[in-house]
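I am attaching a structure below and will ask some questions about it afterwards.
Note that the chains take the letters A, B, C and D in the order they are written out, and that residue 1 is the start of every chain.
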Amino acid sequence: MGNVVIFEERPELRDPVLVEGLPGVGNVGKIAADHIAGKLDAKCFARIYSKHFPPQVMLDADNVAHLACNELYYVKGTGNNDLIFLLGEYQGLTAEGQFELAEDMMQIAADLNVRRIFTLGGYGTGGVVEDPRILGAVSSVSMKDELEKHGVTFIPGEPSAGIAGASGLILGMARMKNMEAACMMGETSGYFIDHKSAAVLAKVLISILDIDVDMKELDERSQQMEEFTSKIKEIAEGQEKGHLGYIG
Amino acid sequence: MGNVVIFEERPELRDPVLVEGLPGVGNVGKIAADHIAGKLDAKCFARIYSKHFPPQVMLDADNVAHLACNELYYVKGTGNNDLIFLLGEYQGLTAEGQFELAEDMMQIAADLNVRRIFTLGGYGTGGVVEDPRILGAVSSVSMKDELEKHGVTFIPGEPSAGIAGASGLILGMARMKNMEAACMMGETSGYFIDHKSAAVLAKVLISILDIDVDMKELDERSQQMEEFTSKIKEIAEGQEKGHLGYIG
Amino acid sequence: MGNVVIFEERPELRDPVLVEGLPGVGNVGKIAADHIAGKLDAKCFARIYSKHFPPQVMLDADNVAHLACNELYYVKGTGNNDLIFLLGEYQGLTAEGQFELAEDMMQIAADLNVRRIFTLGGYGTGGVVEDPRILGAVSSVSMKDELEKHGVTFIPGEPSAGIAGASGLILGMARMKNMEAACMMGETSGYFIDHKSAAVLAKVLISILDIDVDMKELDERSQQMEEFTSKIKEIAEGQEKGHLGYIG
Amino acid sequence: MGNVVIFEERPELRDPVLVEGLPGVGNVGKIAADHIAGKLDAKCFARIYSKHFPPQVMLDADNVAHLACNELYYVKGTGNNDLIFLLGEYQGLTAEGQFELAEDMMQIAADLNVRRIFTLGGYGTGGVVEDPRILGAVSSVSMKDELEKHGVTFIPGEPSAGIAGASGLILGMARMKNMEAACMMGETSGYFIDHKSAAVLAKVLISILDIDVDMKELDERSQQMEEFTSKIKEIAEGQEKGHLGYIG
């Protein structure tokens, strides 16, 4: 077997919604999901180890070694649904590994009676994004109205290159199993870790889930990033003007 | 299992002929097969999902996500045989994936009592092709006469580099299972998508299958391409002359 | 299963010796084995198909398609032993594929009561080789005396980089199964197909097997190559002298 | 199966400690483990062959071919525990191969009632290391005090890139199976084979295991290396001064 799932606990969950936030473009989805799970004091109940992750251990602050894994957390009694978060530092290294991991995730979700899934990611635009939109893709047309009300934008057929990795596969497999699922992607340049896009994405998800999450920390990181981006922009524009002046 | 086949319908087919038109050199085979299947209103009856395809979903115009797959279509009551088309946007990512997909295709073909297979492809010449020939390879020498009558050219041992991918594997496996099969390849430069070569290939297949297919749309695309190629050629020749004049 | 073996015949062989001559450095082993098997009118009795070979077909002169494979031939009633040849155009594409193919070859050899194996290859020196030696590696020290008598050279621990691919694996696996095996490698530059080294290697093997093989064809190719190499050398030396003269 | 373990002997061992010393950064771990096992006359009792090693044989001084493998050695009646050494010239070629090999090693360790494991490696600093420290990572915080007494340094969370390969995986898997394990890494530049760092690492391990090992040979190699490094440094500094003088 390529993957091993180790449960520390088998939580009883009420109509749980699964939120996936693994690393990806700008780490937008990962930052949003980590933030919400952290602020809700989500509890880790299972770890997924896999031959498809890098063959290594990471060390914690006590120098204790931990095999590369993905983790499942739960939160009870918040909003209308209990929540499950799929978090981690890794995605499968190969195409086949990605498929096998997504399949096992879907099996776990089915075992936990998940009927609704949100996968989170980033959408790389290749340029500076001032006001990141949250783009959406769905398992069923019927979900679009609801998501649009919470600020998700649907551009027909976009992203035209499709959605790669866990966010895409879980969405696609959910559709095949008649689960409701949507992938929400924060626009981002694609060149760096983007807390600003992640904050916008987190707020959309919070609104959809109808939960209460302290956004202070992520908003501050987002603010810092905005200032940093502005400075970069000023410098760039200054150089351009200077350059034009020189020519003139 | 690396591949999963999901049937939406199990059609009863009369002596069906399988036509394979997956992506390849110049997409010649894919364009020809897609055109014929489309004009005949072929009906999708099965999808093949595989860990050997890219780990991603594509979105339709409604932003609904679809896992990468290959598709099987059928047409009844046209020509002398019912028809099955193997279509899609993907081939297996690895050598092993290619073999496993071709094996599963052959099993499906056997289950559907397919006795005859045409695989379609392009043959990259590396230069501009004015009048693309359709080159042939067969599972058995006895097929050559028939195909030549419909315009297929057999150059002994060519293509000398062999035929790679689904078109080659399905042909080779068919020979081992004593099915009749031929691969027909439209000559093409290999540098761009080639509707002209595809149109010629489609007409040869239509003639072999003795079916009626509206070619208008593909002929128009072919015509546009011919004009485009002519212009490129004029410009190139003009530049050459100009350049020589300048030197002279 | 990664490999499929299809037997056309199950020959009854007397104390058979297996000769492996698959493609490799300078194709020295392949050319030697192909030549001997050809001149002895060896008969093909089995083909090994594998997902570890390239996913393609090659065409014969009749444009009939053949899946990539390795082939087993036999010769009866020549020398002291019947002979089996393992020939082909391919080796496994991956490390794992190489192991799986070699394992299946060894199983076939065991089933045919093979007790002695010669694997043939080239040893790339990186420079022009005037008089190629045949270097040897063995499954057991006891074989060295015999091989040296027939002209095999043993340089302790050489080649120090080991022997990669089918020739090495079959030798190593034979040792583990207590079969007698030796790998014989003709020295060659490593930059081109080397009929000269192959001719020397073939003669050593013919001597060991105590068989009669018409060498005329291979000797002619070897002679042509020698002339070609001499000319290259003359031109190179001429240029060098000319260059020195110019300086002087 | 990807791996095959062949036992020459099934030793009865008293509370054995496993020491892993496979190739890695600067070969620090391999040199230290090879030295200790050699000086203690450790006896080889098992070999692990694997499709995840390179598909090749290496030749010994008699030109006898040996398939790539890892080896297990034991030593009885030294220090407080019997010892097992995992040695070899190879690690798995792929991520999946690394996992499968580490899993099989752990199964062998469990079968031999191993309760304690030390994995040895190097930690590449990217610069010249004058006095290599031995950095540590553990399966459990409770081991840190003991190791620090023998000279192991713990830098919280370092190496921050984690520990890759057999040393990391065996440590991480040991923690999951509630075995006591530590990885000890000698600092090294990462640019060459480092006998000096290996000597320091060996002494720390000897102290922990409370065994007696003749260090003369490794100390001499370490001394030679130190002199070599000094000369390199002198030359480099001389050039720098000369260069500055020239400019001045």
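Quick notes
Please note the rule applied: a contact is a pair of C-beta atoms (placed from the backbone, for glycine too) under 8 Å apart; a residue touches a chain by one contact, two chains touch by 3 or more.
Here the structure is a predicted model, which is why all the values come from computation and not from measurement.
The fewest steps needed to get from chain A to chain D, moving only between touching chains, is 1.
Counting the residue numbers used at the interface between chain C and chain D, under half appear in both copies, so the two copies meet with largely different residues.
Chain A and chain B carry the same sequence, and matching their CA atoms takes a turn of 90 degrees, rounded to a multiple of 5. With centres defined as mean CA coordinates, chain D is found 39 Å away from chain C. Mean C-alpha positions place chain A and chain C at a centre distance of 55 Å. Residue positions of chain B touching 2 or more other chains: there are none. According to the touch criterion at the top of this document, the contacting chain pairs are A-B, A-D, B-C, C-D.
Within the complex formed with chain B, the chain C residues making contact are 2, 6, 49, 51-68, 93. Of all the residues in chain D, the ones that touch chain A in their complex are 92, 95-96, 98-100, 102, 136-141, 144, 154-160, 162-165, 168-169, 171-173, 175-176, 183.
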